[in-house]
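Some notes on the structure that comes next.
Order of writing sets the chain letters: A, B, C, D, E and F. Residues in each chain are counted from 1.
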Amino acid sequence: MKKIEAIVRASKFEDVKEALAEKEINFFTFYEVKGYGHQIGKSRSYRGTIYDVGYIARIKLEILVGMDFLDVAIKAIESAAHTGEKGDGLIYVSDLEKTINIRTGSIGSDAVNS
Amino acid sequence: MEDSLTIAKEALAAAENANFVANNLWMLMSTVLVFIMHLGFAALESGFVQRKNVVNILFKNIMVVSIGILTYYFIGFNLMYPGVEGGVIAFGGFGLRTMEGAGDLIEYANGQYSYYTDFIFQGMFAATCCTIVSGAVAERVKLLPFLIFCVFFVSISYPITGYWKWGSGWLDAKGFYDFAGSTLVHSVGGWGALAGAILVGPRLGKYTKKGIVPITGHSMPLATVGVFLLWFGWFGFNGGSVLSADPKMVSLVFVTTSIAAAAGCIGAFIVSKLVYKSYDLGMALNGILGGLVGVTASADGVSVVDALLIGLIAGAIIPLSISFFDKMKIDDPVGATSVHLVCGIWGTIAVALFGDYDDGIGTLGIQLLGVGVVGLFTFSFAFLVFFLLKITVGIRVDKEEEMIGLDIGEHQAVAYS
Amino acid sequence: MEDSLTIAKEALAAAENANFVANNLWMLMSTVLVFIMHLGFAALESGFVQRKNVVNILFKNIMVVSIGILTYYFIGFNLMYPGVEGGVIAFGGFGLRTMEGAGDLIEYANGQYSYYTDFIFQGMFAATCCTIVSGAVAERVKLLPFLIFCVFFVSISYPITGYWKWGSGWLDAKGFYDFAGSTLVHSVGGWGALAGAILVGPRLGKYTKKGIVPITGHSMPLATVGVFLLWFGWFGFNGGSVLSADPKMVSLVFVTTSIAAAAGCIGAFIVSKLVYKSYDLGMALNGILGGLVGVTASADGVSVVDALLIGLIAGAIIPLSISFFDKMKIDDPVGATSVHLVCGIWGTIAVALFGDYDDGIGTLGIQLLGVGVVGLFTFSFAFLVFFLLKITVGIRVDKEEEMIGLDIGEHQAVAYS
Amino acid sequence: MEDSLTIAKEALAAAENANFVANNLWMLMSTVLVFIMHLGFAALESGFVQRKNVVNILFKNIMVVSIGILTYYFIGFNLMYPGVEGGVIAFGGFGLRTMEGAGDLIEYANGQYSYYTDFIFQGMFAATCCTIVSGAVAERVKLLPFLIFCVFFVSISYPITGYWKWGSGWLDAKGFYDFAGSTLVHSVGGWGALAGAILVGPRLGKYTKKGIVPITGHSMPLATVGVFLLWFGWFGFNGGSVLSADPKMVSLVFVTTSIAAAAGCIGAFIVSKLVYKSYDLGMALNGILGGLVGVTASADGVSVVDALLIGLIAGAIIPLSISFFDKMKIDDPVGATSVHLVCGIWGTIAVALFGDYDDGIGTLGIQLLGVGVVGLFTFSFAFLVFFLLKITVGIRVDKEEEMIGLDIGEHQAVAYS
Amino acid sequence: MKKIEAIVRASKFEDVKEALAEKEINFFTFYEVKGYGHQIGKSRSYRGTIYDVGYIARIKLEILVGMDFLDVAIKAIESAAHTGEKGDGLIYVSDLEKTINIRTGSIGSDAVNS
Amino acid sequence: MKKIEAIVRASKFEDVKEALAEKEINFFTFYEVKGYGHQIGKSRSYRGTIYDVGYIARIKLEILVGMDFLDVAIKAIESAAHTGEKGDGLIYVSDLEKTINIRTGSIGSDAVNS
């Protein structure tokens, strides 16, 4: 089992979700994160002081997939999240030693995509 | 014949009574309106502080109102209205007497309000001056010392300077004019705020080597609710200061007050846009308040055009003043010094520049004198009290507490969950 | 001669009319102030519940106001004021008549208010008793059964006990005194709250083997806004209960009400700090309400010092009472039973201890009788209605729904997004 | 003899003055109540928009009030009340005159209100029409063009149609009836809202191939606070439209207004439950407003039962109307068109169906004519202004700005932190 | 050192915490995430439109453990988070190359459980 | 590519950020988490009941680095986040199998630090 993590623009999240769904990857977990990168947020103004927040709000996805779906998933995310402008984000993959589905107790690739 | 005379006299008494009832009713409604200004302040201040200090600022606000009313009852009222003319300080005794007979009713103030109405209307005003301070020292002042400061400020300092003018003291005799308290309420609060802000020092991380770090308020809707409620209450603050329901005066005051508030909003809007290139909600909100504070000294005696100019200038002052205090490294999370002190001074001076307070009162000199002596006394008093507290119990929470927030630190609580 | 008599009579009529207009105006303004108490309750209750139950409590609050006004129009008003003296129960017929002529205007209540003013002022009061209940059963009661309860409570129970005293029923004849409703409104609401809280049971996870698990409210600013608005509205609640704009009485009521509220805040502040070692905002807020409820029975007849003591004690009761109910495992998310029931009883008894209600009324015995019978009737009524609902349609949402929250469960919605 | 005549005359004058003071006082209090409706709108609208557009909507609301008061002072008041009877358009000159003597006081309106009271009461009404628009075009309209629209709408369009009826223009002469402005204020605002919503287009992602995507408001407590404050203010909006404190009329208006609001809540509650199977808080809130708007045209002349029916139907219309506009793909984030336009039309027609406006006024034909011409004029005016702005400076923020939100885009700020 | 990640029902979080505590695993990190899976959230209604939010709010735990505690921890989570209904969630384990305790500077299995 | 994860005190986040910036590590992702550990939060009080929330709010950083920056980054975090008091937190490192930059499509160590 592999774990794909992807940091994408909040505005691209819906597109990514749909791209994954097209590949029948409907299960994943996501949460809001903040990122420092090439892209800088719009500057803000408070009582006459202009300042930068620095970070940008992003969505991080975490998807557990078997080898069979790995490349498909990466491709789907990559093309759906791509704009070509600074700030598109990253995809990274790591290996999982063990995966357990709490409901079924099944392990390994049976644990997910079921 | 007899008959018609009796009826005529009866009718006259009934008519005078009706007038009295209506006047008194307006003063009571004004009391209610001024009361809700305390919610206005609480909302404004809590909106402008960080999430971690919200419980603390709310707690301070309800305590200040309660302390204000009670101490004004014990001491303040009779210190402000001792019944001695032309003096510097005088005291009429503790507490209130039981209201009895016409002497405390229709005769008390020529059928304008009863004795108890007088007290409660004035009492609602009193707490205001401390609420102004609480905003400026927010997010780092220790709770108990602040409350102790309030007790002294509201029961001694505010009534003394109040006596000078409204209680027919020496400043009134000199011809100083301040209709509803640009100086006596707002500047007084503002001077206390300034003394407190200086002595307690800026919030951690506000002024760094890299420059000013904005510490943004946590809820603009709350702040906006506060400003609307303050404007709402100001109809009673200024309108009630007519001290009767006189249709001409009260309607004039309503118009000048509203026009100045609206103009203050526009003034701050324009200057913020020109100087800071931004449509800044906080500035526009403070602009409204600036306009209101500005017209407070003269709302009963200027033309509508005058009120518009007074408000517009007050609003325009706000963004500049806020930047100025920031440059001075005097940290005021809600802008209380700009709104109440600076615009309060402007409003008091405006009395001499606009309107027709020509009968001796209202000349620039005497207005400046009033601003000066009230400022000197109040600032010294507030500075001294804060200073004594500082060297004894301390007035600032420790660094760690400031970082985790006063809500956890002082109240073991959070505002939202 | 003729002429002067005519004019004198005309003047007298005009003067009496002016008095009437001013009196009626105050009653209408009081109506407006009492109305906004419903927002006060809505804000207080929604601030004190968890984020997941906010839509539900807001929904209940707007429904309760609407139901209250409508049922009071259909039934309540004529059940409370049937025009029969000294009785236990009587009914004056459905709905309102069309207001016509002097009989419904200046003559209706000796020039104090018109027939419709009477109805609308009383109608605004009525809904209050249900709003009190809604806070105590919040976060687990089923929506429809609760609304059904409200219909019965506000249109039958509240008017019947109200009739006993305010409608000149048997309790009034006995000399029971309750100026603005410490018992008739607040305790009545409190008894309903107690019956509901007992029958619906505590929230999941509140009382565990390990002890009491605090379930904190989700927004202290909302709760604070609520308390300020309640205090604001109380000027109309107590001030309007004078039933005219009489300057002496209304200004006295303003003073006693404010002083008691402020003292309630201080009382709760001190006791919380001593007993729980904490500056607890929720306690201080409830202390203010306790002070207000406490002085409600006697605001028109106690001295300022008395009011201060009544409020101080009421405020001091609050933290102890809240702990007491928690120890009894009666779960009341907003503290409604402590504020309205306990302080309502205290206030009713205080009538006998303070003030000068000496002319037969106000002896301790009759006050206790009033507290007792009204309590017995109301608690039994509320218990019965809740019980019947419980064994038929059920009054509590299921476990899963309680966990995900009533907003999703009952309304498929969330309060914030 | 002489004596009694003198006293009688004095008494009569005093009595008339007392009446004047009380009347004027009510008009001023109504002004204060109408003022706070602007906070009601601000809270309602900000509650119903997304978190990222809150600063923007608040900013618009305070600007609209300020602009409204100022332009009404410069132009609007004298365009609406030019003192010319039966006309289509007339102008009484810029600004206000200084209020002097009895001509502007007791004689100005037969002892009902002073000249300045008249202005400030009317001025508070005026800004309302723009606030209605701001809700409908929220979350995508550009700030400056919207403010420019408001200047024209409130200073030209609103006063002109206002003149037709309230300023004694041609429509009044024809017998059209609109007590407090179901058409003149609410529908006028609603037509502006409709024109704006059409021209600015729906929010991104609201109407997709897959159907309607709900864009939920960010804070139901804020929206609820808004509705309660609007109801609160409506006592002044309708009650003040009596234009005196006449006890009979004002108390009738209080009753009809409250009953209609409560019935509106119930109406929306029932229809939402039946049609959408949901206890929808937003619908019930808008139902209250619908009931209030509906009864506004006839609050002074219908029976309580009539008011109940008018409110109930208005409330029932709300859910259907909101769905209808969604089906038309006219995107209105707060439901302003349903509440103000649709219920405003319903209320104006109801004048002919209920009550006893039989003396020529109130026939269905003339009411429909009024609805039609005011609608035609206002919609055309608003459409034209928005259209000219659209083809010149543009009225919609760009896509990226809409996505990140107008708070960052237009104000470089966030509402919460 | 191993990193256990677990996605559980928000309503089961307290149970999981207690189950871990019983095994003397008192230290961990958690945060709120949103998950798409078999279980679909209750549908919502706004102004007459019924819609699904799609995701469900969940809690994600992150626990660093040495080999000795690995199976104990997994078992504890598995049984405490289990309901048998759709939506119970997942447990997954990955290997850590390095672990450092910032306060003590100790590394590896000394870094945690201390 | 390595993934550094670090759980630090919220109050130390700014210092950590600056320490990383000094080492020219300007890109990373962070989010708010809650942690159970040695350090216990201040106890709270609600209506007369004193209770512990148990967890403490912390910031978690996630930094993707090549081998060349790994030790530098760890050192920077370690010294900036250190106070010596209970609650300083943890740093842990895992290996990534694949890293893809969505904008450029570059993979591996080219994907980051660019």
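We adopt the following convention: a residue touches a chain if its C-beta (ideal position, glycine included) is under 8 Å from a C-beta of that chain, and two chains touch if they have at least 3 such contacts.
A quick note: this is a predicted structure, and the numbers were derived from the prediction, not measured.
Common neighbours of chain A and chain D under the contact definition above: B, E.
Touching chain A and chain F together: B, E. Remark: among chain pairs D-E and C-E, D-E carries the greater number of C-beta contacts.
Spacing of chain A relative to chain C, judged by their CA centroids, is 53 angstrom. As a whole-number value, the distance joining the C-alpha centres of chain B and chain F reads 47 Å. A straight line joining the Cα centres of chain A and chain E is 18 Å long.
One inter-chain figure worth recording: chain B and chain D are separated by 32 Å, centre to centre, where each centre is the mean of the chain's CA atoms. Touching two or more other chains at once are residues 1, 4-5, 7-8, 11-12, 14-15, 18-19, 21-22, 25, 29, 216, 219, 225, 278, 280, 411-414 of chain C. Residues of chain F in contact with at least two other chains: 31, 44-46, 50, 94-95. Here the chains touching each other pair up as A-B, A-D, A-E, A-F, B-C, B-D, B-F, C-D, C-E, C-F, D-E, E-F. Here chain B touches chain C in the complex through residues 1, 3-5, 7-8, 10-12, 14-15, 17-22, 24-25, 28-29, 31-32, 35-36, 38-39, 42-43, 46, 54-55, 58-59, 61-63, 65-67, 69-70, 73, 95-96, 98-99, 104-106, 113-117, 119-120, 123, 143, 219, 222, 225, 410-417, going by the rule given at the top. Those residues of chain F lying in contact with chain E across their complex are 2, 6-8, 31-38, 55, 58, 60, 74, 77-78, 81-95. Residues 11, 42-46, 50 of chain E are the ones that touch chain C when the two sit in their complex. The touching residues of chain D, counted against chain C in their complex, run 1, 4-5, 7-9, 11-12, 14-16, 18-19, 21-23, 25-26, 29, 33, 50-51, 216-221, 224-225, 227-229, 231-232, 235-236, 239, 245-248, 250-252, 254-255, 258-259, 261-263, 265-266, 269, 278-281, 284-285, 288, 303-305, 308. Within the complex formed with chain C, the residues of chain F that make contact are 44-51.
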